[in-house]
Structures are given as structure tokens and as C-alpha cells.
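Here the structure is laid out as C-alpha cells; the discussion comes afterwards.
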Amino acid sequence: MIIVFKLGTNEETLGKVKELVEKQGIEVSVTKGAQQTIFGLIGDTSTINIGQLEMNDAVEKVMKIQEPFKKANRAFHPADSVINIDGQKIGGGHFTIIAGPCAIESEEQFMTIAKAVKEGGANFLRGGAFKPRTSPYSFQGLGKKGIEIMEMAKKETGLPIITEMMSAKQVEKFGDRVDVIQIGARNMQNFDLLKEVGKSKTPVLLKRGLCATYEEFLMAAEYIMAGGNENVVFCERGIRTFESWTRNTLDVSAVPVIRRKSHLPIVIDPSHAGGINWLVEPLSRAAAAIGADGITVEVHNNPEEAMSDGQQSLLPETFAKMVDKINVLRKVMSEIDG
Amino acid sequence: MIIVFKLGTNEETLGKVKELVEKQGIEVSVTKGAQQTIFGLIGDTSTINIGQLEMNDAVEKVMKIQEPFKKANRAFHPADSVINIDGQKIGGGHFTIIAGPCAIESEEQFMTIAKAVKEGGANFLRGGAFKPRTSPYSFQGLGKKGIEIMEMAKKETGLPIITEMMSAKQVEKFGDRVDVIQIGARNMQNFDLLKEVGKSKTPVLLKRGLCATYEEFLMAAEYIMAGGNENVVFCERGIRTFESWTRNTLDVSAVPVIRRKSHLPIVIDPSHAGGINWLVEPLSRAAAAIGADGITVEVHNNPEEAMSDGQQSLLPETFAKMVDKINVLRKVMSEIDG
Amino acid sequence: MIIVFKLGTNEETLGKVKELVEKQGIEVSVTKGAQQTIFGLIGDTSTINIGQLEMNDAVEKVMKIQEPFKKANRAFHPADSVINIDGQKIGGGHFTIIAGPCAIESEEQFMTIAKAVKEGGANFLRGGAFKPRTSPYSFQGLGKKGIEIMEMAKKETGLPIITEMMSAKQVEKFGDRVDVIQIGARNMQNFDLLKEVGKSKTPVLLKRGLCATYEEFLMAAEYIMAGGNENVVFCERGIRTFESWTRNTLDVSAVPVIRRKSHLPIVIDPSHAGGINWLVEPLSRAAAAIGADGITVEVHNNPEEAMSDGQQSLLPETFAKMVDKINVLRKVMSEIDG
Amino acid sequence: MIIVFKLGTNEETLGKVKELVEKQGIEVSVTKGAQQTIFGLIGDTSTINIGQLEMNDAVEKVMKIQEPFKKANRAFHPADSVINIDGQKIGGGHFTIIAGPCAIESEEQFMTIAKAVKEGGANFLRGGAFKPRTSPYSFQGLGKKGIEIMEMAKKETGLPIITEMMSAKQVEKFGDRVDVIQIGARNMQNFDLLKEVGKSKTPVLLKRGLCATYEEFLMAAEYIMAGGNENVVFCERGIRTFESWTRNTLDVSAVPVIRRKSHLPIVIDPSHAGGINWLVEPLSRAAAAIGADGITVEVHNNPEEAMSDGQQSLLPETFAKMVDKINVLRKVMSEIDG
């Protein structure tokens, strides 16, 4: 951390700030320019409150150097993390295809789709049992019954199952009945929930908040990891911008940037990013080409009557064709990268 | 709701869509232009999934007319809601001043500040017992002990108390021990939590999410009200934009817009909006002038050593001077509006 | 400027970077921590390309300390700039009210409005002769004829006149026929135009770009001032955000922040910020209360038939009533601030 | 266009609005629901001012159906436009690689890079003669001398040349000396400049504004086309968001969306989008995979000493390797799409 003082700050003030910082066990290296003084803080500055330092009238600016995330940081864990779930791997060069309907509507609906997406090339099965809806009057999911249907589908298809959980209670009750717990975008900074999944042993698919910075995204993973659960997969699903013709703006740069900063895998959700079915394939291609560790795609056998997100769902046959193309693309990608 | 069809859509397709909509108990009024057909949907269209309709290849666009919020809607409740808490009123022309430290750090600290802000003109006492922090390594609040300290301060000062709760469990345990439950910006769409406070009898201060639209803000209140708790106060606290010199961008237009759409009160949080102490007074003046129902201000007796948000806290004496000015401003405002 | 090196950077690399910087006449002060080295750059670093330094593999981060604007900077010009135009002052405690129609449509229309706004309390007259329209098929303004009408209106009312110019040619031809040249939001970084008005002697009203940061806003003024024209007035007119119920999001914090950084006056445009007539008064009140140096308001005698921006225009009588209220508010404000 | 009236609007008001609209030669189709009336407007509504209609107290909402762009609209020109420049094609399945330094610094520098990028696989040569810089104190380009150097490089390499022009004067003087005129992001809504290049016969590379919506982007092209110049190529170069770790946020969805709406080609600028050299290749891969018509890449033989944008420039050898990979990717893409 660096503290820059205003022009002409006197020795007394400098001395007081130095003392304040040193009290916290941090070494101070002083740089005196002709007019301006700079303090370099050496040591663990993660607990220092930048804002407080900036309140000091003599302080011009305080600048962080150290990144506040540790467990998620590639600097301390150079190799890619590979998460192994029931024989299916996420990360480290594998391309994971997660598919299924937005909401589990009935046993019949989910079973049909589950078999179809397996057939089509998915290696994880997704479905919503608890649905976060902007309106209290919209369908809120089948709850416990939904989890049971997912378990049946897993038995039938052999695919590991992923579902979103929205509260600590749900994690406590159902957290060990699924293979991956999804944390939704609107809960990315629901710290109570992050702590709860941190205590769980079940891997976590962490979706980026609608206006979360990369640093906040990494810090949300850090919350989970600090709790003891190191199996976190990032999911970029589009951010909110001024553009309204797409549901969100897919930020593909998240893939190379997060990869550079963290060892954890990152997948892309083209369905929520674009919000419309004809954008799913182009965005999935971009995901594969930029090196994402996978995609999570909404598939529905009857999108026009889906209870949620029908407009962004693919038909099983469209999904299967897309997967074939993505696989060709992926194969060439690995050849290119040797 | 209006459905606009593409140029040259044939009768058969039109007929199918008409049937689909009518099946949901909604009347369809057909407008045929020279080239383009439009359906006007009459009835309760709140459960209709716009996205699904848009999936139909023949559909150009679907447009909402009805607002999806009901209980929060001024159309159905023209008079201002006034929330009466222990003799203190929020809304309907009263200007509420909520003040206190970001975090409760100790009995001594909180008592000192509580007395000072009462002296300075506050009519509600705020303080954080459970702190949502972006880093798992930052101070997370005193928890239960914090609630107890607040209760003591209430006894001492007579001021009603407000604190943020971050989980359903906290609401269950402590929801009836405070006068107002605050829902933080990062939890504005934590639907599980909204449902829980909806079951509570304690009034709710609902902060706007960092990138929540007005409609989402209103829908979050609707969640709480749909659960049975109609005592909701909105709090505009700045939204996230590209500008980084301020912590957030205070959106003052939220006050007249929300007021037009809803009967619920709305206050402004100048501390989080600006993120720096010297912005608190100008933003509070703007809040008063634009007709907000109050402000919520962070005050600390020793901001330089505050455990959280020190840089945006006012000293008690600065707070008191500001309140005096705001009161003069408010008085003139009511004269103007006569 | 500060250069932070990566952990374990060797002496040779450090030496090379030091040399590179010193070649540009800048002194380097070296701080060596246990693991990390920091360079403090002392001297005029405004021409140093941060990006290039960051390209060096050994460099972790480069951080600016100096602000890149000089002539607009309050640090070098502590007193408020007051711009005196034909006896009307902008800045330094005066509250300027600029009013008139979006577009000049005819002599009759403009004369009628000009007299009405003078009567209503305006001290500057605005009107568009050259209109920046998002569609090439929309009304583009009366051009030269519009300037002539403004001149007549000035003669009639005695009010100084303001109009937007969109190109260097317009500034050359008409720049000295108006009292203030307005640079529109979409041209805030039209550097060719900024240079041209920099050569003019006519004061400039500089509108903030739709997504311009404060620093870019200040730098746009710097462009004009560097060209020799120091009479620049900032105009905050709302920024673009995800919120679509208002045309733009008025960023009131711009007033105290810009004031702190610069000595130039700053006014607010409530008409474009909100985009709808019923928002003009509340936003104008906020502008007055937060200490803006004035407002610029669209007024039309027949808004329903206005050729542009009718929906955000006030009727002359509504404008006059608003000005009365604002004046009361302003008077109290000055008493408060003593 | 659709006009939705408020509940209970009376016949007289409806009649007046009907008359007002019909006066403009537009047919009105009336839909009467139990409580609400809707007008469907049939005819060319492009000149109707939505805002004005919305001012009417009886009007709830006005909604556009028609898209305001015509010449750029794929609806009226279903086939891809292919722009043929000196034997090099843009659009219609060709993948164009535009490369060169940000700024032309000297004959030697530009010649060296020109030959290198040709060797590396570029089919267009770019370079800045007139530089839009946020600071008036930064290098502003070689101007006329830069154009001359480009002409030499064209003679030497045979590659068509692209350069940005920032004013009508530059277009007049130099517009026919280059093969493509670039309109920069900050000038996307410099309507005066758009009109000027509209009169030119030289093809235009139109960059998306930092916070321009897709519709505004299309309308900017419409301005140029309405002037008579139909050879417009879109360039997505990243938009401004709250994320600061990348220079801008590349919005890859622009490619499929713009393609669906318009017949004009669209290329991607990975250099400005990411703002850092190690992001150029991943973003270029995404561009190729999502079906962009090309990329425009900054290349410099000595990025550390570049006068502008060094940090986002590739070395010629890195560029060449990237082009090879992109070509493999493109080849597979065409096989996939058969």
C-alpha cells in the first residue's frame, strides 16, 4: 500500500501517520521528493482501512498494491484448479457442458429434457428447484419436490446435478443432495449464503453479480474458500449496461482476466447473457474460442410453454447441433495451442 | 400488454397466438393495419411470460402496459403512506433524520455517538450489528452483542433503532428487537430474505441495489408487502456507474420518480452515495430540496479509527451543524410548497 | 507518479526502467521493501505514458498522483472564476438562469418565448439554431436564420444569447455573433471543435458527455483553455446509466466534486437530465440546494407542437413559478452559508 | 407506433389526439378494451415526436414499432453488403485483418511496421495521422505528413490504407487520399462529421461510441448513408462500464445483433476493447468465432517507446503468430457452417 501526501505536509503530521500505521505491525518506507512525500507500507496491509487514511487532511491518496484475495489468487497457486465431480472434470483444459431447463416443472418435463441433453452431449444436468423471480407473483419453483426429481434424473442419466440455492436453510437441507450448488447473480454478495456454502463440501458454481467488478467476483469466491470449500467455479453471465436490446452484456474478457488472476475454472452462461435463443450459439462459440472452461445452457423441450426463461432456451435438437460444432471448435483450439 | 406481429404474418399463426393467450383467460383485441397486426391483451397479464411470446417467429415485439407492482403502486393507493414508529413518523411531509455509526464497535462507542446524534437532531438511531463486508477478512460486526447495545441506547435516548439484517435467521431471532430492519443494497434481490421480512411486523428500510432499476426496486418492496408487511421505506443510496471519483452516483431523480409511482416514503443515504465526508452535506441538501422523506447519515466520534466506513462518517458536531441547516432549508421548502 | 514492481524484480531490470524514466528529465526516488521495490517519480510526469510502463513485465502497476489538468485546476487558481458576460455574471455565488426553447422554430416562436422567459426571471436566452439529432431525418435547425432570430431577440430583451455549435466552421462563421457558445454532450470530446472554440474569445458552456468521467470533463475544459479561451462553464446534464425511466441520470455530485477540483463555474441542465417536464422543478431545486452556479431550462410556449424535446419543456408560466421558488431557496441558502 | 391511453380517458381527448396524428398523414386504428384504449398508428411514423405525445396527460405510454433506420436496415436489403476496396473485400464471409500502429510517428517507423504486418497477414494498413487525445498536452499526430507516409507505405506494400479523420476539413482535404476513413468512437455522434463523410466516396469504418446503444450505432451509419455514402463498416471497440481492470468492455453480442438488424459488415477492435496486449489474442479469437467480419489490431515494432497506446500493441511477430491461429480457426468455422 502506498500513501501519497499533499504538497508541503509537515514533519509532525507525517510522524503521526507513520506511528498510526506502525502500530498495526506494518513497516513504513519513506520517499521524500522535492515537494511531496510518499509512504510505502510493507507487510500485510489487508486489514488497513484505506478510507480512514484518506480522511486525513494531509493525505492526497492511498493506493492498494496487494490484491485482497489470497486463496483464489493464482500468485499463490500457479496451477489451474481442476474440480472433479463424480468423474466429470471442470477446469484444466476440459470443456464442461452444463444443460437443462431454467425451472424444473414436472418429473416428466425434467426427465425428457435430462435424457435429451445427455444425448446431445451435456456432461452436467442443471435445473431450478428454487427460483429467484423479480416478481413475488411469478412461479417460485417446486422446491423439495424439484430436488427429488433431479435425483431421479441423475440416477437415470448418470449426469451430476446442479441447482441454485438461495438461502442458508436450503443449503443445510439440500446442499449434500446435489453435486454442485449454484449461487445466483443476485446473491453473489449475499455474504450469509456465501459463508454457508463455504461450510459445505459440495462444489459451488458462483455466478457474477449484475454489476460486480472482477475484484468483487474474486472476493465472493474468497468468502467461500475462506470457509473451507475450495471447489469454486466462476460463471460469467453478462453484466448490466445501458444496452437494452440484449438482456445483459456478456463480458468475454472476464475469461482471460479471471484466469490470469485466479486458478479457479470459469464457465460462461450464454443463455442469461444474451437472453434470447438465437444468441446462444454465437455466444457459446465465443466462449469456446476465448478459452472458457465450459458453458451452461438452458434447454427446454417446449420453450413456448416454459414457466420461466422460455425465450432464451434451446430445443434439445438445436442444443445437440450446437454442441457438435462447439466440439469441433474446441478440438481445433487445442491443436492451435498445442 | 401489446403484441406486435411481423409484416405479413398469416391468419393461421395469428389464430394460434390468439388461442394461446385466450387459454390464460385474457381477452384479445385485434388491430389490423394495412400490413401489420397488433393484439391488445385485456385482463390480468401479470403472469404472462413476455419472453415466450417473443420467441414466436411471427412476433416482432411484446410490450408491457400494466405495472407489475400492485401493493406498492400509488395508482391503487393515492395517499402517501405514513409509517409511525414509536411516535416518530416517516413519510407524508415529515423529514426523518437517521444517524449513527456504520458499525457498532463497543458499548462505549455506540452510547457516546447515540447521545451525540440525539443532541444533534436525529430522530432515529442506526448502527450495524451484522456487517456485510466485501472481504471475509474484514470485521463482521458484533452480532447479538451489537443488538443488546442498541437496546441499551434506545433505553437511554428514547430513539427508535435501525439495524441491517442479512439472513432469514437473523430476522427470526432479532427482527422484533429493533424498530426498523434494514435490507442492504447487496440483498435487495435476496428474495428469501425479502420473504422473511415480509412475514415480520417490523418496518423495513429497503436500500436500492447497486444496479437495480426503479422497477426492480419497487418489485422488491412488493415482495415484502405481498408477504404481509406493508411498512416499507425506500432508501436511495447511489448506483454504480463508470465514475470512480465518488463511491457511487447518487440518483436524486429516484425521489420524484418513486414518489409518482408509489405511496411509500423514500429517504436518501448521502454517506454511501458519495463515500466521502465532505460530500455528505451537499448531498443532504439536495435530498431535502428534492423532497426526500429523510436522510440516513453515518456519524462517528472518531472517524479516523472507525472499524468501517470512517472516511464517509461525520463528526457529531459537523452532523449537528448540518442538521440545523437542513432544518432551515426544510422549513423554507414547506413554505414554498404552501 | 509511482511505479510498483513485481515481487523479486532484479537489479538489472530496475536499473533499465530507472534509466528510461530519467531520460525524460524525471527524478526517481527508490523505495526498497523486503520484497518489493517502488519508484516515486518526481517532476513533470504529464507526458509519461503509463500504459507503456505497464507493458514492462517487471512492472506490477503504475499510479498517477498529479492531476493532468492545469489551467482548470483549483490548486493553481484557488479563487472561483467569475465569467462576466454583458453584465451578467456566472460563478462566484451568482445563480444564473438560462432559458429558452430546444430549437428555434420561427421568429414568432422565439420572440414570444424570449420575452416570456425574461419576464419569468431568466438572465440568459438559449435556443438551438444547429440541432444535433440522432436521426438524419429529423429537423436539423434553422441554421444561419436561427442566429439572426437570436440576435433580434437579444436586441428586444437585452438578454445575452447562447447557442450550440457543432463544427469548427460554425464557430468561425457565427462564434462572435453569440454571447456563449454551447458545446453539446455528444461533442464533449470532439477535440477539433474544442480547439476551435479555444481560439475564440466567446465564452463556452461545456456539457458533460453521456459517459464522460469527471476527469475527462475537466480535460475537455483544459483543451479549450489551453487554446487561449479561459471562459469555460461546465454543465452537468445527466449521464447514461442502466435506468431507462429517466432520459439520463442527473449526477448532482458533479457540482461539489468539480467545484473542489476546479475554479470554473458549473450549472445543471434539469431538462435533459430528467427528460420529462415534471422532473424539471425537483431537479432544479436539487441543483440550487447543492450549490450549482445556475440551471439551463427548456421552455416552450406550445410544448405539444415543439419540433424537438417538447416533452421536457416547461410552459412559460410554469417556468416563472419555478424561478420564484428557486429564488426563495437560493436566498435561504446564502443565509445558511452566511 | 402505439399510443396507450390512461384508464378512463374520455372520448373528447381521444378524438383530439386522433386528429393531431391524422393531420400528419397517419392512419389510426383504435382498440378499445374494457377500460383502456390503444391507438395503432399506421404509416410512416418516423417523424412523429414520441416525447410530445407522451406529454399529453391522457397518454400512458407511446411505443415505437418501426425501426428508425432504413438504408442500414437488413429488412430492406436482405443480402450482406460486401465492400470492395482495391480488390480487398470486407463483409460477406471474408475476414479482414487491419493492422498498424496507433500513431504514425515517422516514415521509418511506419514503413517497418507496414511491411511487417503485410508479412504477418494483414490485408489493410492502419495508422493515425490525426490523433484524438484526451489531453491537449499529448502528441496530436503528424497530420498531413502522416498521410504522405501512409501513401508511401501503400505504394510499397500494396495494402489499402485506413486513417481516422476528426473534422470536416480533414475529410475535405484528405478524404480521397486514403482508402477508408475511420470515424472514432468519440465522434460517432459528431453529426457534422458524419454528414461530411456521407458526401465522400471513400468507404467509412465507423467505431461505436463509448456508451452508444446499438440503435444509435445504426443511426450513425444511417447518417452517412443518407448523405450518399453506402460503404459503411461497423467497428465494435468495447463500451464503457463500471469495470476498470479492462480499458473497455468488449460487447461481442454486437456482432450477431448488428448482423441481424443490418446488412453492413462489422469488425472488432480487440486492442482498444481490452486495452492491454495480452488480451488482444483471446478477444480476436472470440471475434473470429462469433462471426465478425474482421479485426483491427494495433501493432508496433517497439511498443515500449510508442508515442500512444504502446501497452495495447502487439509486436509484429506476435501479431503474425496470432493471425496464423485465427486463420485456422476461421477455416474450421466455415467448415462448421458449411
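As written, the chains take the letters A, B, C and D, and residue 1 is the first residue of each chain.
We adopt the following convention: contacts are C-beta pairs under 8 Å (C-beta built on N, C-alpha and C of every residue); 3 or more make two chains touch, one makes a residue touch a chain.
Keep in mind that this is a model prediction, so the values were computed, not measured.
Student: Would you mind naming the chains that touch chain B and likewise touch chain D?
Tutor: A, C
Student: Most remote chain relative to chain D, going by C-alpha centroids?
Tutor: For chain D, the chain whose C-alpha mean is farthest off is B.
Student: Roughly how far is chain A from chain D, centre to centre by C-alpha average, rounded to an integer in Å?
Tutor: Centres of chain A and chain D (C-alpha means) sit 31 Å apart.
Student: Rounded to the nearest whole Å, what is the centre-to-centre distance of chain C and chain D, using the mean of the C-alpha atoms as each centre?
Tutor: 26
Student: Got the chain A residues that touch at least 2 other chains?
Tutor: As it turns out, chain A has residues touching two or more other chains at 211, 240-242, 244.
Student: What residues on chain C touch chain A, complex-wise?
Tutor: Residues of chain C touching chain A: 2, 4, 27, 29-36, 38, 40, 42, 60-61, 63, 65, 240-242, 244.
Student: Which chain B residues qualify as touching chain C in the complex?
Tutor: So the residues of chain B touching chain C come out as 211, 213-215, 239, 241-246, 249-253, 255-257, 260, 273-274, 278-279, 282-283, 285-286, 288-291, 325, 328-329, 332-333, 335-336.
Student: Note which residues of chain D are touching chain C in the complex, please.
Tutor: 20, 46-47, 49-52, 54-56, 68, 132-138, 166-170, 186-187, 189-193, 195, 210-211, 216, 219, 222-223, 226-227, 240, 275-277, 303-312
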